[in-house]
Amino acid sequence: MKTQVIACWIVTSMLLLVISGVSFSQEPAAVPPVEAPMVGPVAQSAAPAAAAIPEINSGDTAWMLVSSALVLMMTAPGLALFYGGLVRKKNILGVMMQCIILMGLMSTLWVIVGYSLTFDSSIAGGFVGGFNKVMLNGVRVSPGGLTEIHRLTIPDLLFMVYQMMFFVITPGLICGAFAERMKFSAMVLFCSLWGLLIYCPVAHWVWAGDGMFNHANAAAKFGALDFAGGTVVHLISGISALLCAIMLGKRLGFGQEPMPPHNLTYTFIGATMLWVGWFGFNAGSAGAANAAAVSAFVATHMAAATGTLTWAGIEWFKRGKPSILGACSGCVAGLVCVTPAAGYVTPSSGMILGVVAGIVCYFACTTIKSKFGYDDSLDAFGVHGVGGLAGALLTGVFSSAEIAGEGKGGVIEGNSQQLINQVVAAGTSLVLAVVGTFIILKVVDALVGLRASQEDEIQGLDLSQHGEEGYIISY
Amino acid sequence: MKTQVIACWIVTSMLLLVISGVSFSQEPAAVPPVEAPMVGPVAQSAAPAAAAIPEINSGDTAWMLVSSALVLMMTAPGLALFYGGLVRKKNILGVMMQCIILMGLMSTLWVIVGYSLTFDSSIAGGFVGGFNKVMLNGVRVSPGGLTEIHRLTIPDLLFMVYQMMFFVITPGLICGAFAERMKFSAMVLFCSLWGLLIYCPVAHWVWAGDGMFNHANAAAKFGALDFAGGTVVHLISGISALLCAIMLGKRLGFGQEPMPPHNLTYTFIGATMLWVGWFGFNAGSAGAANAAAVSAFVATHMAAATGTLTWAGIEWFKRGKPSILGACSGCVAGLVCVTPAAGYVTPSSGMILGVVAGIVCYFACTTIKSKFGYDDSLDAFGVHGVGGLAGALLTGVFSSAEIAGEGKGGVIEGNSQQLINQVVAAGTSLVLAVVGTFIILKVVDALVGLRASQEDEIQGLDLSQHGEEGYIISY
Amino acid sequence: MKTQVIACWIVTSMLLLVISGVSFSQEPAAVPPVEAPMVGPVAQSAAPAAAAIPEINSGDTAWMLVSSALVLMMTAPGLALFYGGLVRKKNILGVMMQCIILMGLMSTLWVIVGYSLTFDSSIAGGFVGGFNKVMLNGVRVSPGGLTEIHRLTIPDLLFMVYQMMFFVITPGLICGAFAERMKFSAMVLFCSLWGLLIYCPVAHWVWAGDGMFNHANAAAKFGALDFAGGTVVHLISGISALLCAIMLGKRLGFGQEPMPPHNLTYTFIGATMLWVGWFGFNAGSAGAANAAAVSAFVATHMAAATGTLTWAGIEWFKRGKPSILGACSGCVAGLVCVTPAAGYVTPSSGMILGVVAGIVCYFACTTIKSKFGYDDSLDAFGVHGVGGLAGALLTGVFSSAEIAGEGKGGVIEGNSQQLINQVVAAGTSLVLAVVGTFIILKVVDALVGLRASQEDEIQGLDLSQHGEEGYIISY
Amino acid sequence: MKKIEAIIRHYKLEEVKNALTEIGIQGMTVSEVRGFGRQRGHKETYRGAEYTVDFLPKVKLEVIVDDGDLQKAIDTITSHARTGQIGDGKIFVSTLDEVIRIRTGEQGGGAV
Amino acid sequence: MKKIEAIIRHYKLEEVKNALTEIGIQGMTVSEVRGFGRQRGHKETYRGAEYTVDFLPKVKLEVIVDDGDLQKAIDTITSHARTGQIGDGKIFVSTLDEVIRIRTGEQGGGAV
Amino acid sequence: MKKIEAIIRHYKLEEVKNALTEIGIQGMTVSEVRGFGRQRGHKETYRGAEYTVDFLPKVKLEVIVDDGDLQKAIDTITSHARTGQIGDGKIFVSTLDEVIRIRTGEQGGGAV
């Protein structure tokens, strides 16, 4: 155990040292220039044209502070409860531990190098951002240090921390696929590598000013619309989750013994906290308390509403009883699907996205999963992968220029090129996610091993990985 | 089962079609005019006099985005936990399901027709709003489309979604009365009808610009003050709850076997989340981050504080032990009671309202209930009906012109007419609620039946209605 | 029982009457003057120089409304769950009851006299604030009534209610030390007296405009930096907690029978809610949605992140398994430690503070506690006392003039005087806390007795003090 | 001394307890169990995966009685726990060698 | 009539139940227990305080069978609950005086 | 082989367990039960509705011993579980027909 721990930390540290080394040697030249235009999830719809450096707007700042807090709340208690309720009692702390450690770990990695890899100007032919912003080098406490398209009326540091919360939750979503069986040390190593090697590039492509899929980047051939991370967050985490589920193999006893959720009340609490927190995720992606934020808020809420009704409704018709797990799954599916579209569509389109999400995710989690027989424990792929893909594509259909801004209409408004762009961006990201996840899993397996031992898995991750029990309600 | 489900959906759909039909046929004339003055809960105290169309104020928008999220959080996890902890273990998911389905259902109905019925200009002699705003027709993403009195510095769409959250939680409150025994399909149908046929008219009377009880409507004979919904939300849901309790009859075994709360820790978590969320409900009803919001925030908090102390204090003297259920009930009672008064009274008046609420609701939930013997499972009437009525009347007593604005003083400032107005508005609303609820219950009973079957009730709603169990902590 | 209750209330009432009597007799002179400059946690870094009375800024107001709500959420559900999960099942409601009653009680005391004792101009040679603001006398709903240094762009009343939330949570922290054995009546009496007699003076010294340790008070010889309450909140509550633990004695069976946390999932939920709520606590202490708030937000988050990793990391190396209790303890330790420094330091310093906190609190809770053998049930001293002291001192080391404002650099920037000031302020506060807590405990013991009877303790506080059970999941 | 173990429905516990108390039986112990017999469980579905939950929640009542009280106790339980529906439960009777009251050390009949 | 009490591992319950059903045993009752024997517990640490948790979670299975089915039932349980690792559990057999089906009042073999 | 069932107070479990281990008893099984006897429950009030909660939480300890260890075990439990207050609990002793260790199939004394 100890040797693995040490191995694990050595590898991580070396990785970080290498990266930092590269960057620090570059630092003399690192006075952050006001780079070429780029656009992120934030302010895609409200990028001020002028190059004038804006002042801090207190209302926008207030909203983005709150949004950052809300997105953190999504990881925990939100996601931790949503996922935690679905596992067996003996693994509840394992799930929670993954969430809180990711909050610590990914935040730290983001400050050290992740932010730079994502939002610094491109290196490696556009594959990823550079190292000029390593250790937040040049990130200001006032607005204006960001590129023109990201020019917001909030401090650059706030933009940084808001984006950090996305870096925290995205690998957290994957945990749903390997829940109840991955070794803790493997989880730590996997998520670190995945974040830096997969999330950062994809986020750079889609959200950095010179990103090759950033719609606001005039030089981008396939400018995609991704308001709050349909591709960046959900699609790539979902597809990576599927690969994890397959490569780790099924849980012991899967298909033979029942593995019902041990505490659906937690799942419910988590789902509704996700619903609330998602307002920070989607409406916060406007980067300001403006009309785009309000549009995103309403579309988000309506997609969750119809997603809930749709999934529960399908169950009602198909098996005579709507279930609370269905309702919760439906609301999350709706939220996932509306994420890339949130600030670009009307409330009615939001409602349609929710219905579609409810239908396709329902079938992904039931029919498809049981047909192929992989063990995606908590349906990270079924909900985030499938819902994220549906959202990424449908954004290209439903985006409305009136709301999203000129040139951002979708197929419905006659701009079928947009759908092609969405397909290319999503497809490319998907390929990186699959290939990258495969390699990372192989590396992690070689270093520390992916799966907990049989005994550990039977005993439960709470005791075997953390030496604790969740509930001792008997004394 | 299936036939009932189908029946249920057919009725709802037909209802909606009829309504929409009416509206769409009117649509040509539906270009939303800048109607005659009206006033809602929002901005009653801060309505700008000028007709100039305001710009979006980012601070106000930020606060209203947050408030909308907070009010949603009140329904779930807030109310779901508060109520859920009070039922027996076998019905916990039933309660939670009601909350999340209402979040989906009422939101959808609000967009389709509820918002229009409430805030469009009066039809049917002032009974309800018209159909011009059906499907959010003409609701803008910038301020200015609302009537003058509602003229806020936030997008109209934000006003719409904030009000939506009230439409979601109000029927949720009623669920406390028929918990543990109503059939799920009956709940769905009942809440849909109740929302459209009772909530919308009453909210229209009190909050729409041309509402007959809107204090800001110069034409209103009995202009009532209802800052955040003492009458609109609590009184009518509470009295409807009483009727539900009586008409559904007692739970099997009521009075013979003990039915203690199965998880008071949930009730506590829910109550304190309600406390926090209520800041969005009450201070958000200012419609802006202004002095009125701050006044409402403080009055709200102080009423919750003294309500908590009062109820727990009564128990301490009467039975030697203050209970946590008492403290939680007291804080909710205080919050209910201060709701209509929040933005109109001083902190000290808030404290008095909390004390009064603690006393009257305590006696309603103990003495009165046990005297009349109805089975209001979770005291929806005792807390919301009685507390809401007390608040509605006392607002007419304690309202202070200095805080509420000119002409809005209460009895204490010599304006006894205001108390009469409060009585008339509350009384009329109460009558509609009683008559309407009676009819709706009869209709629903005829269509799908109100109560779960005996076996289903004994087995618990979780298994019988949803096919799931809340806690499976044994594996 | 009843006599004690009565005794308890009589004492409290008398105390309040005396205090109020004093004040009301002074009231004629109480028209609140625009007093001499003073500075609070709020706006220490952004005090406008000009004497002009500011207008309400909606963005700042929005943020402070939210922050007030967040700090309330820290007490409950946050702290209540964090602490509640750590006790044995039979005492869970006891912990929750303490939290909700403090929400009612301390809020009421703050309005009556606490706010005045803290923020009115000094009496008794600077020991405490005066009585001019008793019953919120002269506290305005617009900005400008506060002293120049506190001059904010939010209503004075909002400043009052934000500060109230600190007065609520601080005694709540102490409850962790005497959990599972203090009599409820003793807790009520102790916390009331402790709040008025210890918190108010210390908060006055450090945050009132003429406070003797307020850095912004030019007349202060030892101007200390305490952004959000390292000394005022954590240090004095932590040290008082230690004294409580010692004077109350150990829990029955301590050291003989295992007393493991009964529900670590609650502890996790509570810890992560504290993390989220702490943004209101620390970033809210900027008093505005400005650059200082953003700095504080980021430093706070990073300290929590590294605190989490550090504590869990130590465990991983020392015993082969990182635990969730360790991760949760680490995040809270990091948050405590960064509190006085939040708005004055860089993100990297925040990360260092988190690491230090993780290390020192780990050893305080394990080695030190087991060496001295006191029974600090939930480590209120080990986390808040030790973490608070570390933070208070290190603020004097890491404070950066660039962020904190001119003249506020720490040792690292060559200003070693600042560290001395921190030591003096912390030391003096510590002495008052120790002496005061000792006396108060003696008084409370004489009046109502400190500890629950043996039988009551064995039965559990839930049943013996409140006549209820937390979970009845069997029916 | 006889030991009666009765597996009954949850919601009958209160009634049975009162009936036993009325016939003078002064003590009993209950625990949560799950079981099945003729009455089989139900199906639960979680995201499309269907489980048959065979075990239904029941209450197990243990009552120690003097041999003379045995029949009365059995009859009382039987009549009050009965609904006539499948799943009413079972009663098992066995013989004890000894009963001791911990507080006093008393043995036999006096200890019950 | 014999009463079989078997203390087994949680994750073997499903398998044992199915095996018993297959050999024609139509009813059983389970409950949550904690126990130890050769297999002792583990250590748990809470903020530096270390506890030895001796008791491990197990499942107790109670099956009432006719004397004739006894051996078959024991063999079935033994073979399906076995992993060969310490902690597999125990089976205790005792004799019942009487069995009654509450619903019908039937006694003896027919009541099982 | 004898089966000892002891209903004791929660907070005595640790002490009794240790005492039994010291006299060489190597295994036991515990479960959560609720019971009442002389010691009746308490009243709980929920929003004015008062319930008498008769059943108090107790722990049930099951220990299988060779006949020769019986008295020693009983004495140990009795002395360590005793507080002298009403509610200390009871010990029931019965005879087992057979004991089997699942792991090995051993029977009788060796299986304990």
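All chains are identified by letter, namely A, B, C, D, E and F, in their written order; residue positions are counted from 1 within each chain.
The working rule: contacts are C-beta pairs under 8 Å (C-beta built on N, C-alpha and C of every residue); 3 or more make two chains touch, one makes a residue touch a chain.
Nothing here was measured: the structure is a model prediction, and the numbers come from that model.
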In contact with chain B and chain E alike are the chains A, C, D, F
Between B-D and B-F, more C-beta pairs in contact link B-F
Rounded to the nearest Å, the gap separating the Cα centres of chain A and chain B is 35
Dist(centroid_CA(chain C), centroid_CA(chain F)) in Å evaluates to 46
Note: chain D sits from chain A at a C-alpha centroid distance in Å of 52
Rounded to the nearest Å, the gap separating the Cα centres of chain E and chain F is 18
Residues of chain C that touch two or more other chains sit at 57-60, 62-63, 66, 258, 260-261, 289, 319, 323, 325, 467-469, 471, 473-475
Chain E touches at least 2 other chains through residues 31-32, 44-46, 53, 94-95
As the complex stands, chain D meets chain B at residues 11, 14-15, 42-46, 53
Counting only contacts in the complex, chain A reaches chain B at residues 57-60, 62-63, 66, 70, 88-90, 260-265, 268-269, 271-273, 275-276, 279-280, 283, 288-291, 293-295, 297-298, 301-302, 304-309, 312, 316-317, 319-325, 327-328, 330-331, 347-348, 351, 403, 471, 473
Listed in rising order, the residues of chain E that touch chain D in the complex are 3, 17, 26-32, 62, 64, 94-103, 105, 111-112
In the complex, chain E touches chain C at residues 44-49, 51, 53
Per the touch rule above, chain A residues touching chain D in the complex are 258, 260-261, 315, 319, 323, 325-326, 329, 362, 365-367, 369-370, 379, 382
